[in-house]
Amino acid sequence: MSLTIGVDVGGTKVAAGVVDDQGRILEKLRRPTPSTNPELTAGVIAEVTNLLKAKYADVSAVGLGAAGFVDETRSVVLFAANLAWRDEPLKQKVEKLTGLPVVVENDANAMAWGEYRFGAGRGEEHVVCVTLGTGIGGGIIVDGRLYRGRHGIGAELGHVRVVPDGRRCGCGNRGCWEQYASGNALSHEARDLARVEPGRAARMMELSGGTVEITGLAVSQAAHEGDPAALECFDTVADWAGQGLADLTATLDPALFIIGGGLSAVADLFLDRMTKVYTESVTGRGHRGIAEIRIAELGADAGIVGAADLARQQ
Amino acid sequence: MSLTIGVDVGGTKVAAGVVDDQGRILEKLRRPTPSTNPELTAGVIAEVTNLLKAKYADVSAVGLGAAGFVDETRSVVLFAANLAWRDEPLKQKVEKLTGLPVVVENDANAMAWGEYRFGAGRGEEHVVCVTLGTGIGGGIIVDGRLYRGRHGIGAELGHVRVVPDGRRCGCGNRGCWEQYASGNALSHEARDLARVEPGRAARMMELSGGTVEITGLAVSQAAHEGDPAALECFDTVADWAGQGLADLTATLDPALFIIGGGLSAVADLFLDRMTKVYTESVTGRGHRGIAEIRIAELGADAGIVGAADLARQQ
Amino acid sequence: MSLTIGVDVGGTKVAAGVVDDQGRILEKLRRPTPSTNPELTAGVIAEVTNLLKAKYADVSAVGLGAAGFVDETRSVVLFAANLAWRDEPLKQKVEKLTGLPVVVENDANAMAWGEYRFGAGRGEEHVVCVTLGTGIGGGIIVDGRLYRGRHGIGAELGHVRVVPDGRRCGCGNRGCWEQYASGNALSHEARDLARVEPGRAARMMELSGGTVEITGLAVSQAAHEGDPAALECFDTVADWAGQGLADLTATLDPALFIIGGGLSAVADLFLDRMTKVYTESVTGRGHRGIAEIRIAELGADAGIVGAADLARQQ
Amino acid sequence: MSLTIGVDVGGTKVAAGVVDDQGRILEKLRRPTPSTNPELTAGVIAEVTNLLKAKYADVSAVGLGAAGFVDETRSVVLFAANLAWRDEPLKQKVEKLTGLPVVVENDANAMAWGEYRFGAGRGEEHVVCVTLGTGIGGGIIVDGRLYRGRHGIGAELGHVRVVPDGRRCGCGNRGCWEQYASGNALSHEARDLARVEPGRAARMMELSGGTVEITGLAVSQAAHEGDPAALECFDTVADWAGQGLADLTATLDPALFIIGGGLSAVADLFLDRMTKVYTESVTGRGHRGIAEIRIAELGADAGIVGAADLARQQ
């Protein structure tokens, strides 16, 4: 049986797993990311890989899902907002440290591939995966292949502008979708509410330790308790999310949207409304087929499973 | 030598041509579109096809580029804004009337394919073609194949929302890109200007027969004369066009944008500014490659050439 | 019995009347405005004044309501968008030509004063008059006196910005209230609709001679017939009008709004909705009194009556 | 010599002073506001008043400047956002507890009156005072009299809508001016920046104890040090402030704007830019006089001085 290792490299942790050809994870390891030092980060990736390789002799390749722009040769991380990578030759470094062939991929692309192959996307050939986490990541499957674009930087869906002169975004632009429809957008809504109507936001503030710095978790918990202000925050985010899916449909006309990321764990709080807004906003509605919307199935493992499978397919 | 016929079916005219495998048009025919009657429209398409077939014995297939939504089997026009088609089995009708195999394709897709194969897109594998005409059409080439989406309705780029609660669009939504960056958008700008500052818009009004219903042609001519108000209208459209290309880059990361449609004939009036805005707006700029922007080369023939070639490849 | 003459000087006509101290018009005269020539315009004003004076010996003064900025001494028209006046010493010229004392006032101020004294505003001391004509004019009564501001140019209510980067305005700015809530705004809405959904706008186009240059009259007539698209245009204008009244209430807290101008003749088509939006938008609603909204009573005569009464009070 | 007492009643403190007829404060007292209990608040006001009255036998009246809506009889606080007052008969209570005649006024009105009588507004008759504090308060002087509106709630300038569907406001509406041009708006800008570009906001975060909850003080200090991000936040607020003054000029055409409130202490950081934007945005600029802009002179004492003087004039 052929095995590969998938590694999900985020700003705070490195998570690795040995994965078989059915997408099953046999064993997982996790380490904090030494995010300010590229050399140490490559070292940690190699360390967990070598530990797993020592235990599973069949391991034949490594797939790395990295939070950043990855070049079109799938070798170099060009830029990462939350790590110190700038033109980092990650494939070369990790191959040298592990002796295994390495494929580097954007983390949201790896997640999308994992869901497409073994999760919510099985059986579809035109899939757009939207991960609603702190920001918004994206992955596009066209005719059963991962769409990477000319320079390897396709599907940066969170940075499509949806509001001219809108909210600032970490990418340096204003009005990006992820400022309106992500987990951060959810707490942004809640904090804006709390600053001007602290009475209405009382429960969310209480759940956030008494400050106006309301967390996404606090909004979710309050919403589950039925707090009207928290539900209103979710409604606003759902509206922006649904409109964004409609815009993606105008461009990509997929068969399926998969909604992943941290917010997908509380899909009960926004899925219905998002789907309704989507359905009512697609251009040409009534004269055309539209996409199905499903929640991701692999949870936090999607990146590991996807990266491992991409390494196998190399 | 193998020949195919390409037919471009628009709201006002049907243009057909015999095309060889190098994309050369051997002969062209043109008829007005009987746009309110689907039966007559199919009849006109068959008529020009049969005339050409009678003269060129080698013709082996017909490609139709139609202004509307085409289903994923490339047979049925689901809906057309400017023609009377609703679930029109165009392939079947024209095959019956001509005895030739028929492929139906969206007209902007056909144009994109023509440019990709024989025009500005030769040699590139990730191309997005944007036709700036009365509205905005789009065609996407991925890995050397025409991207059609799950239901055949991909690349409706003109109907991505760029302004919440923005200008009305013919698709029933508000704020669609084609309301800000097309030929119609150009005259919209000019008319808005003329209504409130007739003095500044005097030359454009003069060129439009003395009315505030300023045409795109009048704006172009005035701009070529150096009229400041006309140049201002072009600048506004260029800004929206460049921003839209930046947004498409976030999603699709193409190697190349091809700008076609009526506005491409006056590219000297907006290309530089559009390219500048594009370059300054792409997310991640400075850390990544961006797309080249070229003007279409085949002009009004792109649709015929592209449709004919798609029929050959079938 | 003391009589005065009021003259309403607009861009297309000069209308004069002899008015008694009860605001009754004894006789009226009307002439076209020679709008491109200040000298001729002063001449026409003097001509109608002298004709009336010859007939009514008791006339003691003249009030002129002029469409433009009038200086704080009520003597000079500083600027007029639709006439050729620039720093025009109108008081001096007309006094010389008629031998009567003259007071010059902004036309919307004169109308407001007419309504306050003899029309819809009788008995109130804090009145804001909003004239919804081609643009929006305003007049403010504070403690029973006409509010003129330091330079005589107060109550230019139509040029308060309500949309950042919004529609162009004839004043050179963007986003002014009169671009959203006037008679011109009404036809603007209708024309935008007609351009993208000609089918829905068919009745309004028919009533406008078959063009998309739909007139405000056509929208009104279609709306009275129940045409849904026309009613939608009125709803949009009503929403902007109501919000604007709410904003004026935050600043001025009047007892009464008087709605005049051409649109007030079809108040049945927007008054209820405008009032509802106003009531629901006033800051502090629920904890405070708000203004009453009434339709103007003097119609097109308000300017004559108001100007005449201002001349009497001098 | 006649003396009166002015009391400034805010959400956190009660500040009282004995004031002579030249606007000089002879002695001041300060207490924390028991803001959740109307009875105790009236008690504290009476306590400081009685202490001062015991020492200054000449005291003849009391003026209260209260942060809330005050009714047109200047007796009752209808509503206060930061205090527990709802239809609070403050005049009656304090008169009973002190034996002195009492006048109640909105706090921003009292400040405006103080500046008009003894501060930056001396000698002008058409003054608009804008206090840029946590929110925006306003006071209007017309013909040398305080403008109160029909219900006593005029000059709530902070709650004029400047952005449709804009930021939430504590008043329950969206897009109010005070969400864009106040001290809170300044920290709002800084926090939005810090969330997406923490690197650029590093100095402001450091000055705020290492959190993204950047205070207005931290922005000011960083700006004085030349921090580009802090200066950018001030520029944004200056632009909104200048545009708002231009809108007020369209309505009120004052001779003078007085800028007070906490932000006025750092006027060097925004006055030039605000004035430039104002000058370039006034409707009709070039054909009219515009207002002068001055910084308030009485600082935090303006409310005490103004309230005391209003009590004297009663």
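Assorted remarks:
A, B, C and D label the chains in the order they appear, each numbered from 1.
Methods note: a residue touches a chain if its C-beta (ideal position, glycine included) is under 8 Å from a C-beta of that chain, and two chains touch if they have at least 3 such contacts.
This is a predicted model, so every value here is computed, not measured.
Because chain B and chain C carry the same sequence, their contact can be compared by residue number, and over half of the numbers here are used by both.
Chain centres were defined as the mean of their Cα atoms; on that basis the chain farthest from chain C turns out to be A. If each chain is reduced to the centroid of its CA atoms, chain B and chain C end up 47 Å from each other. Look at where the CA atoms of chain B average out and do the same for chain D: the two points lie 57 Å apart. Averaged C-alpha coordinates give centres for chain A and chain B that are 34 Å from one another. Among the residues of chain C, those touching two or more other chains are numbered 164, 172. On the chain D side of its complex with chain C, the touching residues are 69, 78-79, 86, 125-126, 138, 140, 142-143, 145, 147-157, 159-164, 171-173, 176, 243, 246-248, 250-256, 281, 283-284, 287-291. If you check the complex, the residues on chain A that touch chain D are 167-170, 172, 179, 184, 188, 192-193, 195-197, 211-213.
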